[in-house]
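Listed below are the structures to be examined.
In the two complexes that follow, chain A is the common piece, with chain B as its partner first and chain C second.
And then the complex of A and B:
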């Protein structure tokens, strides 16, 4: 039975037409107010829930597709075809059906605090959630989390969702140098900058996680946001056993990638992967350029400050009083300009550089999903190969007429046929999910970049306005020189 | 004005080619020169009328029309209409127009090199008669090292950039090269014009030779002896500095001047260095915009989503903005850094005057001692008396003309600072408003999208 409820905030679908291997698929339709209201469309025989989000001020439409649970084994190919068709249904049709309910989930990461002492010290951050989603018991709550908790969350999510082709936002990177400085307790501006950078990165990370409808429904995420005390995530340490294991896995993956030659039935994936790889390259380059800009601007700040001091000294030794006053005014102007440049460098960094860094990592995650799909394909091929071998073995036995072994072989065969079927379905599923995910990702990226470009330009505009004011204040002083 | 500026870039790497910059660039230089006033100095007061007219002009809105023109006196007009850059050498064409009889022709041109200017300056310094005058500082050697190094680096990094990016960077560097070139021409020109507008220097024989002699002056390269001699002279000079800073002068005016100039010199030297650094990092920021603009444009080209227009507009805007930023940096360089640099050298020249006076004083005191000794020994008294009288005369003359020169120098300096600071402020405002307009336009366009 399939329950459907339009315009409702809670909806669950049960696909119950199957045998013992049926798994309940629950798609919880909750809206995430980050973008607006959610549309729940029901599709018969299919446990896919398509969600459409519209922004309150209709800034753009997005389609978000929730995850599908492991499908029943007896799902017929007809069904899967049907599923594909519905996916290819034009988006405009879906967008026309809208629901009115909106739910909020706002996340902020604030108040970094240092706990402990010496080399065992660590920073905790306050994670505050404000929500109207019914899944949470209270509307506003906050917990304290440390960096390894965030990494732990990522690990858990990866394990669960990666196999389904979801693009999981990667967390900010570890930095031994940065953290050591903080631990040692130096109260200098560079460690403050590091903490601020990390805080902002963690905030963006969480916001991206909850923006993904599937991840939002995940119990781990909810636990992360709600639970007072989390068990310490130990497998996130760089030099731990699991750390080494990860490294080895990564290495073997890389080798694997080179040896898999996929028989691509759908060109879309191949061209999309190429696009993703190109874009990653370009974004890396852009990131390097913007980084250079930030550094040069910081240099300019330092030089302007030194110059301001120098001009002030010059003004003080100037004998002509009007000129002396003008020179000290000039020193003040340069001081103000230095502050402006400082703020601008800050903007450059947090608006542009971090955005680009995030997206380079995100594109890496996207590539990872493509790799997962390839692995799924590989597993399918291997299963098929094994099945073929079993068939041959059975045929041989048949010929040799050994009834007892034949029974065994037949059982084997059935098992492997089932496996092959499973692998194929897995592959299909991961392919379709990946497609939707990429689509969602692209839309989000588009919106993100647009928003940040405008924000950056506005910051430039603000500083130019102030430059004008500074110099206009100086001009009468200069004219007053006799 | 520039009829043609032949710019041969030193072939450091294969991608540099010889280019003739004519037409557009020449015209640009022409108009710029007409507009850009002799911003750094104005004539030492030939007449108070000139001073007052300038201060009236200064109140006018359009500062650019205030040409504190050194070339006011039509009896001797000098300019450098042409210059050629060959490898490390710059050849200037010095063009003179005169109504004075002391010259053979009313109008003539000669080619001169930087070393010839230095020779002229050094001979003026060594001329006893001019000891009481502030000798205009020698123009600094043309220094293309900065842009040349950048060109080299650009060549090395060629493979890492796209064609457009590379072309833009190269264009930017060529503009920089041209700017250095124009600056050095201007500085040499101003040197000559200060000489020509000075009542005493304009009559100097060596100056006339410099202007007129149509053969190569073939100034000897300083041989080893002279080089060390020069080195020794510098040592003496720093000893002088200790000398005059130690002794308190009887004359109130000179005492004040000495204290002021010594202090001011060190401050202005520091300010010049810091200004240079600041301008250079500003230029770096502007250059970064080029790379960013190019990469954004690449991304935009690859993009097929709604982001495409955003990226394209962003890239265009950055390209426009960086031009404005580049202008801000170069205007700052011209108005502020050059001003400080020039006056640093001028103050050095004023200090040199003080040294000469101090040495004259020392000579006078020595001659006094010699006279006393002679009187004691009753030998060579008339010579000693004559010597002493001459020394005194020299010292008095120095003091008198020195006072005059230093006073006019004060006024000159204040006016120049005022002018340049006003111009710089106005230019900064103009550029910032320009940037603001560009940004606002782009933001509106993007928000509509």
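And then the complex of A and C:
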């Protein structure tokens, strides 16, 4: 709410100020006190506020709205199937900083809990927010939400923002199989894995939502984060995984049939859409590749465990004592290696596989936006056609000399002229927003991928260091055999 | 008494190396260099598998070597099958680890070890066939001698009953028991280890696919697309490094631990065979004893003669066997130690290399400006 005016004084922002004048806030140089750079552009007749929040802090990491936030840094230090509390990291960092001048928002989804019994059971998740954004009443708070609440949020956002050309991050997919296992109460690794997968997906979903400047401002988003009890979201049937995809795919089929060439900017839209579609296919392939990698790693775990067991048995049957000890040590080495493989499989999955899956869905959402723009164009064309008809009707009436009907016709004409004007403005607006959105999305995608690749490398390196330690520990044992 | 007492200068076991292998259709020819222990002059001969087989058969069928049955014969690897005639799966089933590795590297190593073991054996090293193998310009396997007449372990019921025959000596009974038990465990370990190696190879292939696919992200229409392509290429390089690591790790596995397990398994089989031969002799001896006791007066002398001869043979075999077993235990531990140390050192070195490479990649990625 604090802006720096042209004359270098500070003022507070309110709706009237926004409406009455164009306030342009220039980014302030990075100083200790005010580390945020806020760009607010006020459009004359529509109060659309675009907020771009960036805080490149001394650590060079995007603190606020990192799309992945504190992801798997804590993962390798614990048993991979533990529901890790990813809240710990941002809390420490936040406490280090002064509140108020830096605008931060960290979200974590943790503590899955099963509520209810049998087939009516469901999981709730703790959604914790830490923020210094003034829009929120308190700095740190958390609520419990269930999966359908997340879907409900998406539904509300879609309705509001889709028409504007915003790229709304899609929620995680429903899974009947996965949830049934959880409901039935099977305490096996695969249902624990499913819950963890879903928890992580919900976290990423929310982090992407708040990373979007317009969505962060949305009252539904704020309510989702803050409000104790949310009304139960209904009609989330349409948002099951396959249903969602069908909706997008049907739309894009219709879109492909239309070719509009109004001006050269449409070349941009046409080729961009093609790019998006190509990339989506590519990412699908990559996703399948990594998935198979993950499966092989899991196989590796099983095989290594079996080998470890067999070596342990050799060790206990071996008569030569030094050899026997060495073999027992070897069994332990192999056990450790198996553990490392397990963790690496989880890294592969949560860092790479899910990233690719998320982007396949995100690109689907982007395609949806293009479709929305096409629809807007269609509406405009239809309005123009109707206007033309009304003009012809009026002309006919002029010749026919029916004054009472003529009045009606003139009124119709005015109405439709206004509609055409509105459609045109809508179309222009959605086009320009979409263009900006695509740019924002592409930048974000680069940042996202880079961030994940760095995380992946870190996990690989950690793993390798431990492999080195294993063999270093074993070498003296092997050499001690006489 | 016979050809084995000729003092032919023996081949120095450590000098034996298989330096080359050539393939002509279905035939593999091995180039073997060696030196006599008395000189430093190297000799190189070319041999095919038939020659190796001839050597083994000759060793097995030596006459006039007292207690030969008690010798643990170094095991010869099976006949190599060029990849044209057999699928990878069949080769794996037949040869296990010896089927893996590039261009018969591991197989050659196993053959080399065989020759070294024969040349190092106190009794077998004196064999004329061995020196002929290393020096004869002609291929010795062309002249087929008589096949070994020893009983080989088979799954015939009668044989199996003999295998279980109770021993008269505690030392040998316990050796037989532990041999059976340990050989099963080693077989299982070898199988499981092979599974891990094959999975590592699968992982390498999967990494290769992923890495290649990442190259397809190639778009230079706008700055963001260029950046994204670069990022994907970086990831591709990283995955390539992961792939190379898997390949090196599985190579290390095959060439040390894999070979060690294979050798250990085959040598245990050889020991088992020797013990079985002795057991058969025991059965024969006990039969001779019974015959001698039950013999009618006119046959008694003959039976007693047979009994005495058999007893003498059995004692000789047992004494040779005992020495052989002791030698086997010493050598076996030493061989396993060498392989385990070599395996560990190789894996450590590979892990350190990969670690350094990942570190480099991480630095580069962190510094990458988006």
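Brief remarks follow.
Rule of thumb we're sticking to: the second predicted complex is superposed on the first by the 356 of 482 C-alpha atoms of A that agree within 3 Å, B and C clash if a C-alpha of one lies under 4 Å from a C-alpha of the other, contacts with A are read in each partner's own complex, and residues count from 1 in each chain.
Quick note on the criterion: a contact is a pair of C-beta atoms (placed from the backbone, for glycine too) under 8 Å apart; a residue touches a chain by one contact, two chains touch by 3 or more.
This is a predicted model, so every value here is computed, not measured.
Steric overlap between chain B and chain C is present once the structures are superposed on chain A. Using the contact criterion defined above for the overlaid structures, shared-chain residue A:271 touches chain C, although it does not reach chain B.
Of the two partner chains placed by superposition, only chain C is touched by A:439; chain B is not. When the two complexes are overlaid on their common chain A, residue A:293 makes contact with chain B and with chain C alike.
Contact with both chain B and chain C is seen for A:282 once the two complexes are overlaid on the shared chain. Contacts of A:192 after superposition: neither chain B nor chain C is touched. Within the superposed three-chain model, A:317 lies in touch with chain B and with chain C [touch as defined at top].
After superposition on chain A, the stretch of chain B whose C-alpha atoms clash with chain C is 38-46, while the remaining options among 38-46, 56-64 or 218-226 stay clear.
Where the contact sets of chain A with chain B and with chain C meet, they give residues 275, 279, 282, 285-286, 289-290, 292-293, 296-297, 299-300, 303-304, 306-307, 309-311, 313-314, 317-320, 322-323, 326, 330, 442-443, 445-446, 449-450, 453-454, 457-458, 460-461, 464-465, 467-468, 471-472, 474-475, 478-479, 481-482. Remark: chain A residues 271, 275, 279, 282, 285-286, 289-290, 292-293, 296-297, 299-300, 303-304, 306-307, 309-311, 313-314, 317-320, 322-323, 326, 330, 439, 442-443, 445-447, 449-450, 453-454, 456-458, 460-461, 464-465, 467-468, 471-472, 474-475, 478-479, 481-482 touch chain C in the complex.
Touching chain B in their complex are the following residues of chain A: 60, 275, 278-279, 282-283, 285-286, 289-290, 292-293, 296-297, 299-300, 303-304, 306-307, 309-311, 313-314, 317-320, 322-323, 326, 330, 442-443, 445-446, 449-450, 453-454, 457-458, 460-461, 464-465, 467-468, 471-472, 474-475, 478-479, 481-482.
Across the interface of their complex, chain A is touched by residues 178, 181-182, 185-186, 188-189, 192-193, 195-196, 199-200, 202-203, 206-207, 209-210, 213-214, 216-217, 219, 221-222, 224-225, 227-228, 231-232, 234-235, 238, 242, 329, 333, 336-337, 340-341, 343-345, 347-348, 351-352, 354-355, 358-359, 361-362, 365-366, 368, 370 of chain C. Those residues of chain B lying in contact with chain A across their complex are 55, 260, 263-264, 267-268, 270-271, 274-275, 277-278, 280-282, 284-285, 288-289, 291-292, 295-296, 298-299, 302, 305-307, 310-311, 314, 317, 321, 410, 414, 417-418, 421-422, 425-426, 428-429, 432-433, 435-436, 439-440, 442-443, 446-447, 449.
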